[in-house]
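Residue numbering begins at 1 within each chain, and the chains themselves are lettered A, B, C, D, E and F in the order written.
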Amino acid sequence: MRLAEMTTDQAAAAVRTAPLVIIPVGAQEQHGGGMAMSTDTVRAIGVADRVAERLAGRAVVAPAVPYGVSPHHLAFAGTMSLAPATFMQVLRDLIASLRAHGWKQFLIVTGHGGNNAALSVLAQEYLREDLTFTWTPLTEIVADLISGVSEVHGHAGEAETAQMLYLAPELVQADRLEPGATTLDELSVPARLARRGRGPRLSVGFDEYHKRGVLGDPRTATAEDGRLLIETAADRIAAFADELLSA
Amino acid sequence: MRLAEMTTDQAAAAVRTAPLVIIPVGAQEQHGGGMAMSTDTVRAIGVADRVAERLAGRAVVAPAVPYGVSPHHLAFAGTMSLAPATFMQVLRDLIASLRAHGWKQFLIVTGHGGNNAALSVLAQEYLREDLTFTWTPLTEIVADLISGVSEVHGHAGEAETAQMLYLAPELVQADRLEPGATTLDELSVPARLARRGRGPRLSVGFDEYHKRGVLGDPRTATAEDGRLLIETAADRIAAFADELLSA
Amino acid sequence: MRLAEMTTDQAAAAVRTAPLVIIPVGAQEQHGGGMAMSTDTVRAIGVADRVAERLAGRAVVAPAVPYGVSPHHLAFAGTMSLAPATFMQVLRDLIASLRAHGWKQFLIVTGHGGNNAALSVLAQEYLREDLTFTWTPLTEIVADLISGVSEVHGHAGEAETAQMLYLAPELVQADRLEPGATTLDELSVPARLARRGRGPRLSVGFDEYHKRGVLGDPRTATAEDGRLLIETAADRIAAFADELLSA
Amino acid sequence: MRLAEMTTDQAAAAVRTAPLVIIPVGAQEQHGGGMAMSTDTVRAIGVADRVAERLAGRAVVAPAVPYGVSPHHLAFAGTMSLAPATFMQVLRDLIASLRAHGWKQFLIVTGHGGNNAALSVLAQEYLREDLTFTWTPLTEIVADLISGVSEVHGHAGEAETAQMLYLAPELVQADRLEPGATTLDELSVPARLARRGRGPRLSVGFDEYHKRGVLGDPRTATAEDGRLLIETAADRIAAFADELLSA
Amino acid sequence: MRLAEMTTDQAAAAVRTAPLVIIPVGAQEQHGGGMAMSTDTVRAIGVADRVAERLAGRAVVAPAVPYGVSPHHLAFAGTMSLAPATFMQVLRDLIASLRAHGWKQFLIVTGHGGNNAALSVLAQEYLREDLTFTWTPLTEIVADLISGVSEVHGHAGEAETAQMLYLAPELVQADRLEPGATTLDELSVPARLARRGRGPRLSVGFDEYHKRGVLGDPRTATAEDGRLLIETAADRIAAFADELLSA
Amino acid sequence: MRLAEMTTDQAAAAVRTAPLVIIPVGAQEQHGGGMAMSTDTVRAIGVADRVAERLAGRAVVAPAVPYGVSPHHLAFAGTMSLAPATFMQVLRDLIASLRAHGWKQFLIVTGHGGNNAALSVLAQEYLREDLTFTWTPLTEIVADLISGVSEVHGHAGEAETAQMLYLAPELVQADRLEPGATTLDELSVPARLARRGRGPRLSVGFDEYHKRGVLGDPRTATAEDGRLLIETAADRIAAFADELLSA
């Protein structure tokens, strides 16, 4: 199922039997005082593997791209960011390789919202090529399942921490989890404008949101919540892929 | 208020008095059988001017970029599209010019949703520069005011046509307006997946949605609806800008 | 005749009936104390429309590119310049779009001399492609009609002001027109070398020519002179296009 | 020691205590009928981790780049290659991020010889910047320890298989290992010229060497041989890094 | 005087004594049946050396770039063309190197008109940098001295052949010189439009002008004519440089 | 034999009779106190011509590229370096031109080791195109013939000076030759690490090796040694080319 672990002969067979290639993309970026910087990569892989399992042989998973577009976290040590143009070119090269082998359907699973804009641009570029390019965020597609969280929540907050407690508890240092920004009132004007929903768009660095770069209170997260989010996300993405593969 | 009509001396004065530059960006692309291909540019200019009026001297409006990212409409004659990389570079060059004159706050008003992804990438790139880059879509920020429309609606549909009837009725050939896709049931599987809300993302060409490339029924549009959408969008964007300028 | 105002259906018809696409390109740059910064765009559109009229249905006019290559004016507030590479890429993208719809003949009308070098490079690039790329300056092709002007004249001087008085008098603030450099003697050595005709080439910023960036004395311009220049330019360009279309 | 597993706080501390960042780079490419396509990535990580251990706190290891420059293996299904320019830009972006956090010394450990040329170019580019860029191949630096191998050996051959048997035996399907090209005589003229040592350089695809893309006979490899190669490589690289850090 | 022949110590001295660097640029392209394809490079070097001599120690000459922008000659075997973007980047890199050593004044002598557009673009780019970039064509600056030539003349015609007979007669095979296009009447419509003076611009390949790619009749050329053109060109360029250096 | 001196007709014939194009590439860079900065170009041309002679009509020689990748020498006045990307693009453009004329086999002879990395990258890029790209260094392929030199030797040392005394003695100022670094002991730690053979790779500027940028003692060089190196290199390269052409 994982291309990294296959031999080339197994890949040659998979071109015929598994028409969908899932490419997990993550990030190497700060996730507060208690979570590993690979959090988004770990989550992308976790969901990608589960989607492939649900597709039962109709999909393979490529090696994860462990770096993403993270300029908004560069104020925090250890964050490593690709420029959007670089990130896009990596995916173009990988997809061209796979296309040359005969694959025509691609699903990018991103664990990092900072990759969304670049993925959207790629989707436009691929519109007129002979392949199907799809991509999906994670937490956003199960947002309806998140409850009991602080007014401001998101990066390194309740939902991401819950997912990590489920997928890779060894990468969560529970005693170092600490709340970040939790209410709109405590935000600066630019940060508050940046959190608005459907209005004009302003992006701010995560140090502008909170000195620790965290949105929400990760201390309330549980592995059980994480299980619900991860498994439901996998269900929904697999249903989408199934519909696409059957079209 | 419009940089195009100013002399350089007036611009020099505006650097001091009008700290915000609004750049309208549109598209040259098909808008069905009854609307001009400049629809998105016309709407972007219409709103940009109104926002600047509301800001009463604190903003200037740059010449509109009349081309956008429109690969999804290239199946229809007359559509002219910039690659995302080109569109981004145009804005980078324009903003660099304005920054050199002393301006530091920028608001891009896009009349075309196809520009959103590129604008989002730009917003990431500008995060760590000494300027404020904001952007806004139009119809999306007044979506709560749209009612009585078909299940599927959007491009060249009720809301866009209403806006044009209000802003530039001479560019609407009412007798040639015709419905496009109006229900999810009539869509192909890929098209339906592409219309889903928060799930995985698939982009399709507008010829995949409907042979006429229209979403919704533009025949029901009224100039009065358009007035509400346009003036409210201007109100909301101006309020956002006002908050930003006062920060 | 204008693609911006056409529907896609009208464009589809025009591909067959109007084999030539005219793309006006201008600039957003200082034009002295009395003229609007959009002067070059206004003049390009004015001539492009007139050429299309003379071609009586055999040409369409694309939306004008309102920005050009203007580094030599960046010392003056309000000037917005595209890098030559950006300007070229914009035209490549637009022509590729039109070529995909079936058009094969293109005429760029530039109101701004700063665009000439980039257009010349593009002309070289298109030499071996299956399309005809032509371009034209404005004032230069009617230089024989200019008389009674100061020794040094050109940018924002007699001829350009005359054209604007004819095409868009509302963008000329007559009481603010003022002479710039008018004699070679008053120029610095680099500026004088830059004005030489056929010798070695030196480019200087327009602030090097004169503190107001003006060459000549715009106060002597008349709308009647402008009419002669604009209409003759349109005549000559249309004759050229006619010959090309008949080949 | 691994940046992927650290929190940002731990990274901030490491900037001060661990001045060297090791970045493992590998490849996703065919390794014959019995080895996983991630072989080069696995080996790069294996050595990088061991080098960091030997440096006892003076180095951190960044997430591995699991894709490399592999055009010579694209004839084999499952190979995914980055263009050299893409691969270089990825490393430039990552190093720029780390440089911004304060790190100034970088060691790229490549498990894939196809990355060498691009790394050599990067080394030239970094010559005049305020950082130290070093890189190392793996097998080549312990070539003196390899004996008893076939005349032609290398990719997916004795030494690489031995290393994998030591590092990740679960990724070796021993019963599917099979010999590739083992003697110069059986090579085509171009392939033989490409194997020459110090003469003119010719590159050929690995399908030109052998239909299975293997050089040598992997069946003779042992985990014990692999241990010697891997541990000695780590020793030598650590000694190099130690000397550099002490300079 | 020639940087190629100097040692680095001599170059270090020249930075102080010879503030102008002359870079000859040519082309490798067809010049009809009787002239060497290096004609434009030979002429550029010939004039560059003579200009440097006249400047008596105040200028050095860099190694000639023997390739230029020649897409219009690619229909003829042996022509080797750089894309305009490549040609420009070569000059940017060379000038950046020289600028780093302390030189600030640059004069490009081009023997090939196909390089003019790219040089004009470069001149715009350098406008706002701390250096002086100038360039010069050859034949064009002594056009007033050319007489008794055919109605159509230019590439590989009377004047270029004369220059080569003076500078490098061994590269002219006199018995193979043959006339190309000599009258406007014999040209195709596009070719004739391309030869027009100040009107709209059309570029055509030189195979469109004439099957031999020659403009004019090279058989009438004399070395004496060539001497006049070359030496006068050197005089005029040196006078220009002298004026610039004295400013 | 030299494309620069051929007419286009001769080139057209050569496409059929001389299937190999040799392109010499050199450098403009410091070579110590006694040798001309064009040393690497002179040597590349010298060997390229000799290889073509040995191939007796089966090869042509293109004009030499007189600039290479020389960032490691930029600390020394007069060095002019192309960025690796520029150098590669030059060769891509030249080869594309020649490929269009029908040539399919290419041999780059580089006199400068700084070009090796870029040439290796190009070799990878050309792997899957319909042409044969080969390249060769000079001194390295006759390293077995070098003896009696200092412990540290190389750039501008015994072997290069010998070659120049043989090929172009007028470019060697014998009385200004002086020893540079000759023993490992006198090197700084980074410089010593950079000279190591097969271990990890570190590149240093040549000012780090020695204040004069010389490796070895050029005073011991003789023209006779140079003859041996140059003629043997030509022999070996010609034998390689012969084998390739006969394949």
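Just so it is clear, a residue touches a chain if its C-beta (ideal position, glycine included) is under 8 Å from a C-beta of that chain, and two chains touch if they have at least 3 such contacts.
Listed by chain with UniProt protein names: A, B, C, D, E, F = Creatininase family protein.
This structure is a prediction, so every number in the text was calculated from the model and none was measured.
Shared contact partners of subunit A and subunit B do not exist in this assembly.
Here the chain-to-chain distance from subunit B to subunit D, counted in touching steps, is 2. Among the other chains, C has the CA centre that is most remote from the centre of subunit D.
Of all chains, the one whose mean C-alpha position sits at the greatest distance from that of subunit E is A.
To find the repeat of A-B among D-F, A-D or E-F, check which pair has over half of the same contact pairs by residue number; it is D-F. When the CA atoms of subunit B are superposed on those of subunit E, the rotation angle is 120 degrees to the nearest 5.
Annotation: 56 Å between the Cα-based centres of subunit C and subunit D. Mean C-alpha position of subunit C lies 28 Å from that of subunit E. Averaged C-alpha coordinates put the centre of subunit C at 49 Å from the centre of subunit F. For subunit D, the set of residues that touch two or more other chains comprises 74, 83, 85. If each chain is drawn as a node and touching chains are joined, the picture is one closed loop, every chain linked to exactly two others.
Starting at subunit D and proceeding toward subunit F, the closed ring of contacting chains reads D, F, E, C, B, A.
The touching residues of subunit B, when paired with subunit C in their complex, are 3-12, 14-15, 28, 30-38, 41, 62-67, 74, 76-83, 85-86, 89-90, 93-94, 97-98, 100-102, 171, 173, 176, 213.
Across the complex, subunit B is touched by residues 69, 71-72, 74, 83-85, 107, 114, 116-121, 123-128, 132-136, 140-141, 143, 188-190, 193, 196, 198-205, 236-237, 240-241, 243-244, 246-247 of subunit A.
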